[in-house]
Amino acid sequence: MGRTSKLTSLQEAAAIVKDGQRLTLGGFAIYQRPMAFARELVRQGRRDLTIVGVVNAIEADLLIGAGCVSRIETSYVGLEKFGLARNFRRAAEAGTLDTVDYPELIAWDRFRASQEGIPFWPCTFLGGSGIVEYNKDIVPFDCPVTGARLWAVPPAAPDVVVVHAVMGDEYGNVAFHDRKMLPQSVDITHTRSCDTIIVTVEKIVSGREMRKRPDLVEIPALRTTHIVEVPFGAHPTSLLGIYDCDEDAFRDYATASGTPETFADYLDSTVHPPGGHAGYLEALGVERLLALRNVELPA
Amino acid sequence: MGRTSKLTSLQEAAAIVKDGQRLTLGGFAIYQRPMAFARELVRQGRRDLTIVGVVNAIEADLLIGAGCVSRIETSYVGLEKFGLARNFRRAAEAGTLDTVDYPELIAWDRFRASQEGIPFWPCTFLGGSGIVEYNKDIVPFDCPVTGARLWAVPPAAPDVVVVHAVMGDEYGNVAFHDRKMLPQSVDITHTRSCDTIIVTVEKIVSGREMRKRPDLVEIPALRTTHIVEVPFGAHPTSLLGIYDCDEDAFRDYATASGTPETFADYLDSTVHPPGGHAGYLEALGVERLLALRNVELPA
Amino acid sequence: MSTLPYTIEELITVVLAKSFKDGEVGFTGLATGGAAALYITGIPLAAMEFARQTHAPNLTILLAGWSINPVFSEIRELPSAEFDSGLQNLPCEAQMETYPGPYAVRRGDVDFGFGSGVQVDRAGNINSTCVGDFNKPKVRLVGSILLPEHMTCFRREYIMMPHHEVRSFVEKVDYVSGVGYPGGDAGRQALGLTMGGPEWIVTPKCIFEFDRAAGQARLRSIHPGIDPHDVLNSTGFAIDTDGIPTTQAPTTEELAILRRKVDPHHALIPHGGE
Amino acid sequence: MSTLPYTIEELITVVLAKSFKDGEVGFTGLATGGAAALYITGIPLAAMEFARQTHAPNLTILLAGWSINPVFSEIRELPSAEFDSGLQNLPCEAQMETYPGPYAVRRGDVDFGFGSGVQVDRAGNINSTCVGDFNKPKVRLVGSILLPEHMTCFRREYIMMPHHEVRSFVEKVDYVSGVGYPGGDAGRQALGLTMGGPEWIVTPKCIFEFDRAAGQARLRSIHPGIDPHDVLNSTGFAIDTDGIPTTQAPTTEELAILRRKVDPHHALIPHGGE
């Protein structure tokens, strides 16, 4: 008997996510987001998703602007130096999006609670905040040890987690950067908080290649449900050490998100044309993609 | 004004630990224990310590055998392939040592609770165990969210943490292995769980040298209270990539710990002779120490 | 056993292997020294690799809990140290460098593990902590280690007992390091335990399984060549040996796979003459 | 301000710096764009480095929360991206690669931080979440981010407000992203908050401190050249300007240190002509 390959197409992988599910998209702020996957969800017209995140940005704003999202649980939605997340803002102001706020560290700890299989994360410092005034999923209780007022924060409990990484093998072993930053760290936590894990990678390599650095394999095959090869899968966000943020594309996005009309045009011209992700990359063109690459001399 | 050096002698550093305090000695099982520090505590005749640990071995057994310890909170005390921890066993059977048992992962999580400043770690799976039957520091309570029976495990709350590492600078920045194993990981957690951190290192290097790999500095100066240069500070345990376990010395220890009398002789001949740690290394001799070294070609 | 064309370890290895399903995740700690090493590390590793080589190519092995899917052809002897450069340099698919690591124990990532103790009782509780009263022990042992997690967070546990003697198979353990089925499945439920528990008790003489409703160990099979009275006399709680089948012997083909592909360097378990 | 021999940013930088004690740990996030970047990142960094170069050589800087004690001589411009290779390659003493990282926020490792919001109120509450009712906001903003932690886990917080206007200085914020002193120190205690809280509110016009017993902001100093009526008219809650001193101006020597040693490339803040 042979070992099972978990290689999947982007379309099949996106179809795993069902309307109404709790979805976590990897990365942090405007870094290393699984954008190709998010665009595919838009193409497939997913509806009524709950985005569960730590610090969210364009990946959430895109899905909100495309009408895929009815609720978001996070500490931040914005585009950092590219400004406010305007689809998010419009939807929140229009009342079509339920916004459930958490402090940043607690938003992260919710995934640790899911990873550890504990029914809540205990938090000491929420008294007096708008968080506990408006977020009724957080339950106050008295500490069984000290008697002090504490808050039980619910686990993140995503139904599906999707992250974009550098490389993996067909069995679902996925390697991470040796020198990490928080966007890589949060992805690692994300992928341990859920039992349906979809990983898009820049490149599928052989198992033999992966075994050269088993210490860098932070997602072992046992945790991966599907793996998809998606070059430039984080575009227009960056992938540390592989390619930079496409600042022009990001600014185009920010501008387009200014009104519902211009954003509809953006989706029509950028996301919906035939050809899926390959078509998206073709439209960007070789010169532009190559200009974003990071290169260094091989060791 | 100049920056303050945190360089300390082994004697001064050991004097930080007071009788009756809660002490955590780094490393895991028979790996990378701050043995030179433990021996100095024996020389100084410390009494009534509580050892708080995850998986303990020779460092705890030594202090117990020397009469320094009145209580231990951990999941394991043993010498792995070198057998039972016989001083520990004798003291527990004689009733002179309070043994407070925790499951291994929970023993580790107690340090995470201290790191996170939460008053307890919630645990779901202790029902029916001897742990909760005999450990009254663990408080049962009903989950404020699900209503299920849970247990509030107290934080580790050490007064002093001591770890042995490879290198650091005089300000207290301490670098760890790039490729870690659990003994390095637990040390990192230990040093974030307490505000009095003593680090013994094989070698003090310049700040400039340390800045070459800031990503490997897992204990920044802000967390370090004292740093001490102690070559072969983990002997007879190993220091990954630097030197191996001294199996002969370990077996001598195990044999000596067989009776109170032979162990008293061991302390007299091995720990108490004048000259402190330098004398201890001299007695071992150059040939033996060099034979334990790991060497590899510089990159 | 010497009259059989296979060793007792080979017998157990193949029976265990057949109980693993494709895609499962198996956890083995690293015990050292003699029979314990064999039953807690050697046999489990051989069984998991046998399963991978036969019906379960997607089974994941967690060696010493942190070396994931090691390359067996590189193992020349059972590792004797959990955290040294030897095991670190053993080729494998992934390594756990930190706690918490790349698998989520308390989400139920581990399908089965292997544990042991100085005592096991009729309800499947095991004890690695002390003999006698906890507060005034006759013999103090190492402590609970990871057994609480083995018996509640793993989806099932194989209790591996290298010595099948009356003093180890007791009516009630002196200390519950790992919880079995006190009061049966309902009893576990009442204790708040929603997952896991012992599956088998494996000894050199026989294999026990559990009547989970009653919360009692019962014989599943007796190894070839073992007298049922020997099993009765070695077990400190009441069991019934009537009609218990003989443990299924490995086939010639299975032995060939085990000896040639799984453990070609005879590093994991003793093998019979060929 | 143009008649003064220093910029308002230089003034604030030196005043802030003098309030830091040797050995403290200061945290600054990375804001981008104009005045926000200046007040949340540029001024705090300059102030911390000024302190290090003068009275506080043991002060620790947490740049963007994760680059520990960066080498300032290498900073040619304010970083505009938190997690890219540019900041990763900036020489420093230690880096946070993972969460949780090398300092323990919730043990109180951070002595002070710098935060901001669209509104601040008399009690020192700040709001970065929404204007109007949370459930039907007039303007929805980014969310609470790390402000809850800034205002309760850090030992003190400098609220940095780049625009001092009535609409930002309100009687009561529309949403409490970070908690001040509602009901004073006793009120904080009753909320279970045992640590931290706002220290100052720093604006281009003045500095507020807090009457903690009453839980009210009060003026600490008004910047040179600013009319007290301007401060009154810009503040949406009642304050008293009588007898409030002028913010202490930097000395020539302090300006020289700031311009030549702390920020020689003029990367952090605007400088006055020399």
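A, B, C and D label the chains in the order they appear, each numbered from 1.
Everything that follows uses one rule, which is that a contact is a pair of C-beta atoms (placed from the backbone, for glycine too) under 8 Å apart; a residue touches a chain by one contact, two chains touch by 3 or more.
These figures come from a predicted structure and were not determined experimentally.
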item: Between B-C and B-D, the pair with more C-beta contacts; value: B-C
item: Separation of subunit A from subunit B, taking each centre as the mean of its C-alpha atoms, in whole Å; value: 39
item: Distance between chain centroids, defined by C-alpha means - subunit A, subunit D (Å); value: 31
item: Numbers and ranges of subunit B residues touching at least 2 other chains; value: 116-118, 124, 148, 150, 179-180, 215
item: Multi-chain contact sites of subunit C, meaning residues that touch two or more partners; value: 97, 106, 153
item: Chain contact graph, described as a line, ring, star, complete graph or other shape; value: other
item: Which pairs of chains touch, using the document's own definition; value: A-B, A-C, A-D, B-C, B-D
item: Subunit B residues touching subunit A - in the complex, by the definition given at the top; value: 109, 116-120, 122-124, 139-141, 143-146, 148, 150, 152, 154, 178-180, 215
item: Residues on subunit B engaged by subunit C in the complex (per definition of touch); value: 28-31, 55, 74-78, 80-81, 84-85, 88-89, 92-93, 95, 99, 101-106, 108, 124-131, 133-134, 148-150, 179-186, 188-189, 238, 240-241, 244-245, 294
item: In the complex, subunit D residues that touch subunit A; value: 32-33, 66, 80-85, 88, 96-99, 105-106, 127, 129-130, 134-149, 152-153, 175-179, 182, 187-188, 190-194
item: Touching residues (chain side subunit C, partner subunit A) in the complex; value: 22-23, 25, 54-58, 60, 67-69, 71, 91-95, 97, 100, 102-104, 106-109, 153
item: Subunit B to subunit D touching residues, read off their complex; value: 1-4, 114-118, 173, 192-193, 195, 207, 210-211, 214-215, 217-223
